Structure formats: C-alpha cells, structure tokens
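Shared between the two complexes below is subunit A, which has subunit B as its partner in the first and subunit C in the second.
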Partner chain A sequence: MDLNLVIALGIQIIYGIANLTLISLGLAIIFGMMRVINLAHGEFIMLGGYTVVISTNAGVNIWISMLIVAPVVVGVIGVLVERLLIRWLYGRMIDTLLATWGLSLLLIGLVTSIFGASTATTISPPLGVVSIGDYTSSAYELLLIGITVALCLIIFLTLKLTRLGLIARGTMQNEEMASALGVSTPRIYMLTFGFGAAISGFAGGLLAPVTGVLPTIGVAYIAKSFITVISGGAVILAGTVSASAVLGGVNGIVSFLTGPTIGEVALLFAAILLLRLMPRGITGRFFRKGL
Partner chain B sequence: MTFNKNRRRFLAGASIALAAPAIIGRVQAATDDIKFVSILDQSGGLDIYGKPMVDTTKLAIEEINADGGLLGRQIDLKVYDPQSSIQLYTQFATQAAAGDKADVVHAGITSASREAIRPTLARFQTLYFYNVLYEGGVCDFNCFCTGSTPAQTVEKLVPYTMNKWGKKVYVVAADYNYGQITAQWVQKYVSDNGGEVVETEFFPLDVTNFGTTIKKIQAAKPDMVMSALVGGAHVSFYRQYAAAGMNQSVPIASTTFGIGNEHKLISGEEGDGMICAYSYFEEIESEANASFTSRFKDSMGDDAPALNELAARSYEAAYLWAEAVKQAGSIDRMQVIEVLRTGLSIDGPSGTVAIEPKTNHALQNVYLAELKDQSFNIVESYEAQPPTDTLLVCDLVGNPNQSTFYFQNGLEAAGIEIQ
Partner chain C sequence: MTIFRDMRATFTIAVIGILFMVLAPTVLELFAIINLTTAIALAMLALSLALVWGYGGILCFGQTAFFGVGAYAYTVAAINSGDAATAILIAVVVAIIFASVLGYFMFYGRVSDVYLAVITLTVSLILFSLIRRTSGPEYKIGDALLGGFNGVTAPPLNLPWDRAYFLFPEHVFYVAMAFLIIAYVFTAWLVRTKFGRVVISIKENELRAELLGYDIRLYKLLIFMIGAAIAGLGGVLFCNGVGRVTPDVFNLYNSALTIIWVIVGGRGTLIGPVLGAFGIFYLTSALGTQSTINNNLILGIILIIFVLAIPKGLVPTVRDWMIERKDRRIQRVRERRIRTRRTRSSTQNAEGAGE
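Then we have the complex of A and B:
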C-alpha cells in the first residue's frame, strides 16, 4: 500500500466520520437536550435536500440554498411540528415515538404526492477534484469535512458562551428551577427543537448533491444516526463526535479491507459492543463534563 | 416476533381454508369482469421502478377495455402497493389469489419479492407474470418471466464494453439474490471473453456513502466498472463516482442503470458515456414505439415518467396475456397457459415479444445504448434473443410439472463454475 493510498483512504475515513456526525447532530440535540425521540429525523434531512433542489432549480445560488435556505426552511418546519405535535407529548416518550413515526410516514407520503417517487437532482456543487498521487477525491467531500468541524464549533460556542445556550442548558437540567427564575421554558423547548430540525435540514441540504434526493432517503439515515446518538450517550457534542469517530472509523476501515456488507455489519457490531461495555454510551464514562 | 410467527401461521392456515372456496368462487364470478391484479411497489425505496410499471399497466388495461374488453367482458384492474416490503407481497399475493380470485397476477420487482410470491401463486393455481429483467433460472409452468435475462443482455454488454474499454473489470452489485447471481454472470462472460474481474463488491440496499469503494476502484485501476446496483439509495454511487472525477477515467457499464430512470435523476455530465443493454429504450425508433410513447404521454400529461424496459414490458405483458385469452376463448388458466406456450407473440413498442415454451420466458429484441445528455443512443440491436441461460437448466416441454428457481444458490445448477 503506497503512501498516497493511505492518505486518500485516511481522508475518506475522516469524511465517513464527518458524514455520520453531520446526520446525527440534529437528532442528538433534540434527543440529548429534550429526551424526545424524533423518528421523523430522517425526513427532516430529506426535506433539507428537497429545499436545496427546489430553490436551486428556482434560480437561487446553490451555496445560499444549502447554507441558508435549507436550515431556515426545515427549522421553521421543526418549530411548527413542535407547536402542533411535540409539545403536547413532553414526558411521554412512547407517545412521541409513535407520533413522530406517524409524522415521518406523513412527510414521505406528502413529498411523494407532490414531487413524485423520484426527483431529478441534477444540481452539483461547482467544485472540482483533488488529486493525491493516483487517487482523486471530490473537493466537495473535503469541504463537507470542514463544514462539519465548523458546525460543531458553532454549536459548542453557542451552548458554552451565549446567554441563550446557558438558558437552554439550564432548562434541560432543571426545568422547574429555570421556570422559577423567569425563563419561559416552552419557548426554550420550541427553539431547541427548531434548532435541531434546522441542523438536520442543513445536513440534508449539504448531502443532496452527493446522494440525491428521494422521498424515502430518510430511511437510509435514521438507523445510523440513532445508533450514533445512542452510542454517544447523553453529552450532545462530545458524544456524537466520539461515537461517529468510533463507528465511522470501524465502518471505513472494515469496508476497505473486506467490503461494504461486512463494513455495515462491523459498524453495528461495534455499536453493540460499545453499549454492552458502556450501557450509558461513551459519554456515560468519558467526557462526562463535556458538552 | 411471536406476533409475526402467529400471524404467519394464521395466514398459512387461512390460505388452506380459503383454497377450496377459491375454485368454486371462480365459476360463480364467470359473469363478472375479468380480474387482473397487479402487485408492484409504489412507495418505499423501490417505487422508482414500480410507479412507471403501474402507469403502463393501467394504460394497457384501459386500451383493451376501450377496445371492447376480452371475450365481451371488461377487465377489472386491481393494484396493490406492497410498499417495498416482502411481507406485504406474500399477504397481497394470498389476497389476490384467495380473496380476489384473480384471473391473472402481474407482480414483483425484486427477485426476492418474486420468490416470496411465486410459490403462493403456484399453490393457488393463479396465473403469474413477472415482467422485470432478472438473473434467470426460474422454471415454473405457472409463471411467465417476460423480462430480459443475462444471456440476452449481459452477454452482449460485456464483450461490447470490454472491446471498447479494456479487459480488467471491477464489479459493484446490490447485496441480494439479483446482484449476487448477476455478478456471477458478469464473471462468466468476462472470463469467456478473455478478461478478468479484479474485484466484486456487494452493497446493502440502504448504503449511500460509496467513498471507500471509490478509493478501492482507484487502487485496483480497472479498465471499466460493471454496476448491478439497485434502488434509490444506490443512485448516490454514480454521483459520488463523478464527483471524484472517476467517470472521466474509468467508464461504467450497468445491468440496472436506467430501469429506474436513474439517467434522468443525475446530470448529463455525471452520466455521459455509460453503456447499458435492455430489451427496451424509450429512444427506440419505430412506429409502434412512437405511438406507444405518445399515447403514454397523453394519458399521463406532464407527470409522465420516462419509459424503460420494466414499464414497456409491463405494458406488453398485459397485451400478451390478453392475446392469449382471446385465442383461447376463455380465461381458464390451463387454456390460457397452453395458448401462451404455443410460442404466442405480440408486436409491442420493443418489437416482437414471443413466449419460449421450454422456459416460459420471452424471445425478445435487445438493444445496446450509450448515455448522452440524459438520453440513450442506441448503438447495437439484436433480434429475437432466446433466454439461453434459463434454457441450460429448464425444459418445461419435457417436464411441465416444475416450479423451481434453479439459480437460487448461484450458477452451479447450470454447470457454470465461478472461481
């Protein structure tokens, strides 16, 4: 194996990890902060993809539609969903599970009936190819790694340094105390859900040019993002990133050595092993004080 | 789990209980409409294949009905959506045979779904048409497989592309029976033509990140990639392949690309140069095809999807069945099967399609085409190709009493050794 292949493969594995982080962050925020299991998470990602395709086809610059329009649109949808559906079900985990599953089917059905079973996603980002010796990677994949790192930083700084982040963390830790101190907790829940949805939409928008959009594409994401978030444990950022690193790394290396089928099996096996050894996720044992 | 098991047991019991009334019921229903049941995925990951098939089936039935129906009776088309779930296939097949007492069932997209329902329909003695290209090897007196098989398409595609691009082939395929068996056919035809398969990789249907595989392809430096990928998620492969600039250096041939209208989903630059072989392309230049495509567009309006082998063959298969009913003068299953097995043929948009009686497969035209700007340019065509793959293992003339899928465990059944 020559050095170039090692580098190219290394980038590919980091991309796999970034990809897993990107699709899981929105879910991690909603689950980690609000204890709401959002089974419509995959469909939020799908809606982000559709938003990008539609707005780009309507003449909006592709970067604006990916970086701004997709998170805003899906964030607004998230706020609506929280107001109309989720807020009636706080503390009732099984009920939210069912309700969001229903929502997921509804969204798939709606998008299929509006746009049809398959949609032309002929958008592609105007970025070329990066060569490493004989190997080539898409420059867009490198950009996605960068964007994922930036996104993690922004979430970290928001939670750590801003007043809103402080209030949000306080509300999640002790709702009654926060409310006694004059915080409007329903509003915080609404914003947190919207923020989580916006990040899912952002992920979907960024992935649309590499995976394409289909009404059913959410199904391909939901299982993996759930496994990542659960393996990560309660701490949102450190949990998601560390779980993505373990699972994405295992998946990438095993896929290269054997093949994608065994690669997927290895990912699931790693998750089972992880949860057997650390039932409360990675952050149940490490980075407990993290964010 | 226990719930499922019990339900399955219940269904099995109910099937047996319902089998006897089904036969009596059919006699009683003789004055009613003829029942044509279609079971095709219109939601879930396989809907990119199923929706156009349902559209063309509807068109065929509407046309036959507008033409006065069959034997002076109208055809009642009932469409079930199994939602890309095998469990629902079994359920709907039982419903179609026992509940609806269907006179004919056209159903199934993946080989997995076909194998789930074929035994059920054989047991209920309900005539069954499977209209999708597949890996070959079904030998069933009750089942007509009208789609193309590897000996008709892959056998042409492999030498053509190897002559054009080179002898080192990298195979990527979907991880279920179609992909596994088709990969073996590719292997056979590549070595028959003096080439080498450097690597074969299988992908579960929900994989969307193909990065590592693309690196492996770059490391293996093949002359071409042969793809038998299936479903919506796998379309990502072609986009990521192009994004890494690979479509400029290592071209792709495919046994599946285009039958889910994938060529309309990705851009011209991403797809240009791919080569495929099917028994139908929308771009075929013939009067019959021009008339078919315009009738289809008229009936669907602006929403008309692109037409492909699956859609066109669903249409033609409905007509094949209708022609057999007409000639038999009856909807009795045995009489219809006998007429079909005389080598019955119709002229459809793809050309002449005729039943080959040893296998209940179809003699059909095959076209090789290269993708350019989201359209296929036909570069070669071959007339009346026989299903020689299935002919290796199947002789329904010699022994009609068969209902077997010979390639279940690969091509060993045909005496083909794959290293």
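Then we have the complex of A and C:
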C-alpha cells in the first residue's frame, strides 16, 4: 500500500465520519437538550435540500442559498412545528415520537404533492477534484469536512460562551429554577428546536449537490443519524462526534475491504454491540461532563 | 376453565370471522378476494404488534422487519425445497431466531423503550437498504436469486402431501383467514394465561414485577419472539397474496403503517389493530386510485390527530363510552327505583296516618 492510497483512504474515512456528524448534529441537539426524539429529522434535511435547489434555480448564489437560506428557512419551519405540535407533548416522549412520525409522513406527502415524486432539477457540486498521486478526491468533500469541523466549533462556542447558550443549558438542567430566575422557558424550548432544525436544514442543503433531492430522501439519513445519536448518548457534541468516529470508522474500513453492502451491516453491528456494552451511549460512560 | 369463560367475546369474534371466511368467496369477485388476502396478511402484522406493544409494552417500531424476514425466508425456502409447509415452518423459525438475537441485545442490555423504538426501526431500514443492493447474480441462496430492488417471485402454497397441487387464490384466502382466526384466538388466550398476566404486569410496572421475582428480560424476550413468529407468518401470507416479495416490505412507509393501525385501533386490545389494518388498507387503496391527495399526507394527518386527540384509539374509546353509558343507565334506573320507593312509602305513611 503506497502513501497516496493511505491518504486517499484516510480522507474517505474522515469524510464518512464528518458526514455522519453533519447529518446527526441537528437531531443530537434536539434530543440532548430537549429529550425529544424527532422522527421528522430526515424530512428537515430533505427540506434543506429542496430549499437550496429551489433558491439556486431561482437565481440566488449557490453559496448564499446553502449557507444562509437553507438553515433560516428550515429553522423557521422548526419553530412553527414546535409551536403547533411539539409543545403540547413535552414530557410524553412516546407521543412526541409518534407525532413527529406523523409530521414526517405529512411533510413527505406535502413535498410530493407540490414538487412531484421524482428528483427536482439538481445542482452540481460547485468545486472540482483534487488529485493525490493516482487517486482523486472531490474538493467539495474536503470542504464538507472543513465545514463540519467549523460547525462543531460554532455549536461548542455558542453553548459554552454566549449568554443564550448558558440560559439554554440552564433551562435543560432545571426548568423550574430557570423560570423562577426569570427565563421564559417556552421561548428557550422554541429556539432550541428551531436551532436544531436549522442545523438539519443546513446539513441537507450542503448535501443536496452530492445526493440530489427527493421527497423521500430523509429515509437515507434517518437510520444512520439515529444510530449515531443513540450510540453517542445524551451529551450533544462529544457523543455525536465520538459515535460518528467509531461508526464511520468501522463503516469506512469495512467498506474499503469488502464493499458498501457489508460496510453498512458492519455499521449496524458495531452500533448494536456498542449499545449492549454501553446502553446509555458512549457518553453514558465517557466524557460525561462534556458538552 | 375460567379463561374460556373470560373469552366469550373472543369466540364471538372468531365465529364472525369464520362466517366471513365461508361467505366472502361466494359474494366477492376473485380480484377482491386476492386483495382481501393481502389485507389479512397485514392484519396479522397488526395483531403481532398489538400483542408486543399493546400488551407487552415493547415499543417496536420495526415489526415489519420480522414480517419481511418471514416473507423472504418463506420464498427462499419454498424455491429451494418446493414444499410450502416446510417453507412456512422455516419462515416462522427464522423470524423467531432473528427476534431472539435482536431481543437479547435489547432486553438484556436493558435498552429503554424509546431507544428500543429507534433501534428496531433502524434495523428494519437497514434491512431495506441492504436487500435493495442484492441485485447481482452473486446474491443467491440455494436456487433463489434475491433480485435486489425487484424482489423475488414467491412460489404459491401447495399441499403438503401433493406438491404438484398449487392452491387457487380462493384457497389461499381460506388459509390466510384461518391462520388469522387461529392467531387471534391464540393471542387472546395467551394474554389471559399466567404468562400473559406477568407480561401485562411488566408493562404496567416494570420495577414492581421485577421485585416480585420475575425475570422481566426473559418475559419481554419471549413475548417479543412470539410477536415475531406471528409477524413472520403474516409475511408468508403477504407474499402469497401479492405473489412476490420486494425490499419495500422493510421501508419506512410500512413501518409507519403498522404503528398507525395499532394507534387507530387502540393499544390494549387485539381486535382494534386488526380492524385498523383492514380500515387503513381499504382507505389507502381508495386513495391510491386518485392522485390529487398524497397517501403520506393523509396518513400523517391521521397519525397526528390520533396522538393529539384520540390517544387511546378507536376501540377502547368506543368501549369506554359504551361502558359509561351503561353505567349511567344503571344509575338512572337505580335512582328512579329509590324515588318510587320513597314516594310509595310516603304515600303508605300518609295512608297509615289517615286510617
């Protein structure tokens, strides 16, 4: 094995890990902060993709539509969803699960009715390829890795350093105390859900050039992102990143050795094994004090 | 014997089912009968989730995984052996083994119910994407090509003593309906046995059941495996009704449908989800013939409305309403009786005073 292959393979595996992190973060925020499992997560990603495709085709610069329009639009949708549906169901975890599943079907149906069941006009990745010796790597994939790292940093700093992040963390730890201190907790819940949705929309927008958009594309993400978040446990960033690293690493290596089908099976087995050993996720045992 | 006295309603429903089984083919056309067979297969899946979730409290979002595994196992076994009876047995056994492995990891790992929901759903979705990729000629079990996205043609049922005799669609309908009735009576009996009562008590209060000395992990695993067996049998009927099995049995839409049947029909009853499956099946086929309103849209709205407004489901809601009405009537009769007695005694007193 020559050096170039190792580098190319390494990039591929890191991309797999970054991809898992990217599609799971929105879910992890909503789950970790609010204890709400959002089964419409895949549809938020799908809406992000549609937003990018539509606004780009309408003449908006592709970077603006990916980095700004998609998260804003999906974030607003998330806030609406929280106001109309989720807030009636706090504390009823199973009902939330079922209601968001209903929402997922509803969104798929709505988008299919409006845009049709097949792919809307696609957009191509805006960057070319980078060559490493005999191997090539997509520059866009490298960019996605960079953006994912930046996103994790931004979330970390927002939660750790800003006043809003502090209030949000306080609310999640002890709602009554927070509201006694004058925090409007319903508003914090609304913003958190909107923030999580915005991250999901952001991920969907970034991935739209790679995967294309379909009303049912959420399914492609939902299984992987759920596995990642559950294996990670309740701690948002440390959990998601560590679970992505383990599962993405296993998937990448096995896929390289045997092909993508077995790779996916390996990912599932790794997750089930992980949960058998650590039922509360990786952060149930390690990095418990993390963020 | 008390169990059987307790099951009077079950037997009434079973008799209605048998009458339906005998009469339906004489009234309905062949196409409707074939459709009905598919609906029965789905009702079987609904019944299995009614048992596992409604009575066992196990929130299994991927019950379709066992349904699909049963269907695939039947098809592969029937292609290889040529004997449907063996293939059915193999399908059920494979579904049970699959459930025991998955259940061992979940129950003995003490995964909480919400996690369990997501894990089972994920397993189903991964099976979907996995089997979809098996289109090449190298994916072959014995003589059976898995066929990827297009699936496999399922060999029809034949008689165990005469393999050359394949059943007609009406006969498949009889078989399916008979299986459904047997499964229904079996599950209704099961939840009334000691085993069933322990399972229900675990649903009601896990900690208390455990402190009383029951190994809740084992009970959960067993009820999960029984549910998987019924779902697997449903899968066998399904691929006989449709004529083939495709990876679509594992997809998200079908997992959602299964949950919707149980929610609409009502948790904690067996007949509710079965009726829910029939109802939603005919609703979606009616919607499928027109194209203005999307199926997903309607199902999503139904699910949200039920979760927010009718969380108990139809059958328990109607049952509670009827019990309440009956109570009120009894109450009224009693009040009237008291009132008449009082007036009578007061008139008697008056008469007595007059004398």
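In the analysis below, the second predicted complex is superposed on the first by the 288 of 291 C-alpha atoms of A that agree within 3 Å, B and C clash if a C-alpha of one lies under 4 Å from a C-alpha of the other, contacts with A are read in each partner's own complex, and residues count from 1 in each chain.
Note that a contact is a pair of C-beta atoms (placed from the backbone, for glycine too) under 8 Å apart; a residue touches a chain by one contact, two chains touch by 3 or more.
Predicted model, so just to flag it, every value in this text is computed and none were measured.
Q: In the superposed model built on subunit A, check whether subunit B and subunit C fit or clash.
A: clash
Q: Taking the superposition on A as described, I'd like to know which of subunit B and subunit C A:Leu275 touches: first, second, both or neither.
A: Only subunit C is touched by A:Leu275; subunit B is not.
Q: Have a look at where A:Tyr15 lands relative to subunit B and subunit C in the superposition and call it first, second, both or neither.
A: After superposition on chain A, A:Tyr15 lies in contact with subunit B alone.
Q: Once chain A of both complexes is superposed, is A:Thr211 in touch with subunit B (first), subunit C (second), both, or neither?
A: Only subunit B; A:Thr211 stays clear of subunit C.
Q: Just subunit B (first), just subunit C (second), both, or neither: which does A:Thr136 touch?
A: First partner only.
Q: If we overlay the two complexes on their shared chain A, which of subunit B and subunit C does A:Tyr90 touch? Say first, second, both or neither.
A: neither
Q: Quick check on the superposed pair: does A:Val219 touch subunit B, subunit C, both, or neither? Answer first, second, both or neither.
A: Once the two structures are laid over each other on A, A:Val219 reaches both partners.
Q: Looking at the overlay, what does A:Phe256 touch: subunit B (first), subunit C (second), both, or neither?
A: In the superposed model, A:Phe256 contacts subunit B only, not subunit C.
Q: Tell me which partner A:Ile37 touches in the superposition: subunit B (first), subunit C (second), both or neither.
A: Only subunit C; A:Ile37 stays clear of subunit B.
Q: Who does A:Ile108 touch here: subunit B (first), subunit C (second), both, or neither?
A: both
Q: Taking 1-9, 91-99, 145-153 or 325-333 from subunit C, which overlaps subunit B after aligning chain A?
A: The stretch that clashes with subunit B is 145-153.
Q: Need the overlap of the two footprints on subunit A, from subunit B and from subunit C, as residue ranges.
A: 108-109, 112, 216, 219-220, 223, 260-261, 264
Q: For subunit A, which residues are in contact with subunit C within the complex?
A: On the subunit A side, the touching residues are 37, 85, 88-89, 93-95, 97-99, 101-110, 112-113, 216, 219-220, 222-223, 226-227, 230, 260-261, 264-265, 268, 271-273, 275-276, 279.
Q: Please name which positions on subunit C make contact with subunit A in the complex.
A: The touching residues are 59, 102, 105-106, 108-115, 117-119, 121-123, 125-126, 129-130, 133-134, 251-253, 256, 259, 263, 293-304, 307-308, 311.
Q: So in the complex, the part of subunit A that touches subunit B is made up of which residues?
A: Its residues touching subunit B are 5, 8-9, 12-13, 15-16, 19, 108-109, 112, 116-124, 128-129, 134-138, 140-141, 207, 209-212, 214, 216-217, 219-221, 223, 252, 255-256, 259-261, 263-264.
Q: Once bound in the complex, which stretches of subunit B touch subunit A?
A: So the residues of subunit B in touch with subunit A come to 42-45, 47-48, 50-51, 84, 175, 201-204, 206-209, 211-216, 218-219, 221, 232-233, 235-236, 239-240, 242-246, 260-261, 264-270, 303, 305.
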